[in-house]
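Structure record follows, encoded as structure tokens.
Lettered A, B and C in written order, each chain numbered from 1.
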């Protein structure tokens, strides 16, 4: 099982960062043709999702949608003021599993892997682990 | 690691399709008693979820709920007009991990695995990979 | 592949139960330094999520947020009356994958693993499976 960490820096309060090439770089660093790659986000105001990357408008629309879905002005108890970011984190999820095929992350035609920043800008990490198919 | 693809055709714009028997067929095609099965949806306007399958009303209610949760008439930038479907896809998630016990997909009493169509009808695929327990 | 089940009893209709120490106990019962731990919730009105555990207000805020996000009074078809709980279950998800590092569940500084009860109080189970890194 290979393992490592991807580091990124976000630049806005809310941002979907396409990390596909960074995940591919991690996969490419291993001599594994077929396998499974696990991604884990260790932050509580961020998440991971897979969605369309071809048209950058889609990630803007996902963020706009989340801002309508999650109540921003509720009588939240958490005094840090970022409870909507925590809720968005749980809606997107902290973990993802993707497949490796022919040494490449196996995504659909329009899919990209996104790190979801909900309380930035910050320095963020994504941990990864890979198991090869020929176990 | 065994691997393959399940193909389905959806018949409505929004539809939860019970794919449990197709996942079970994939598992049954392998001589694996215990293990883990990963499912991956390569589409950006669809997702995967596990919920009640005993009463078919539950899947109707999940779709009705999502239509209330996700704003349908926001000033979306993505010109294809299906941004709500992309948002629903991220809310449900693209990947699922289930357990195999006694050659059978190990679900709770009421659980079924659903492919979530949010922009159909279309032909859709779900990729699967299986690792046996006795590695 | 080691496997087992964590049993808990919830005490409210809606409740986020920190199960991190129970997951750690399962991991600690195995002689595995590095690996991957899969968690699976077999219930259809409950889910699993990872979020902040340091300030207990965050879990209250997540539940308050979900009660605003999910429509409570829609004309639901499922006669049991708990369709909002089913929808919350799909929003949180039934499965989680976490990493094991140095015999310990590898979480971010503020992260805890939560069982999400949406239709309690009930007796609930969470199944787990672990694969070691040195396969």
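As a working rule, a residue touches a chain if its C-beta (ideal position, glycine included) is under 8 Å from a C-beta of that chain, and two chains touch if they have at least 3 such contacts.
Being a predicted model, the structure only gives us computed values, none of them experimental.
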{"item": "Chain-level touch network, classified as line, ring, star, complete or other", "value": "complete"}
{"item": "Degree value of the rotation bringing chain A onto chain C, based on Cα positions, nearest 5", "value": "120"}
{"item": "Separation of chain A from chain B, taking each centre as the mean of its C-alpha atoms, in whole Å", "value": "19"}
{"item": "Residue numbers of chain C (touch at least two other chains)", "value": "69, 91, 93, 97, 131, 135"}
{"item": "Chain A to chain C touching residues, read off their complex", "value": "1, 3, 38, 40-44, 69-71, 74-80, 83-84, 86-87, 89-91, 93-95, 97, 127, 129, 131, 135"}
{"item": "Touching residues on chain B, where the partner in the complex is chain C", "value": "34-36, 49-52, 55, 57-58, 60-62, 64-66, 68-69, 91-93, 96-99, 106-111, 131-135"}
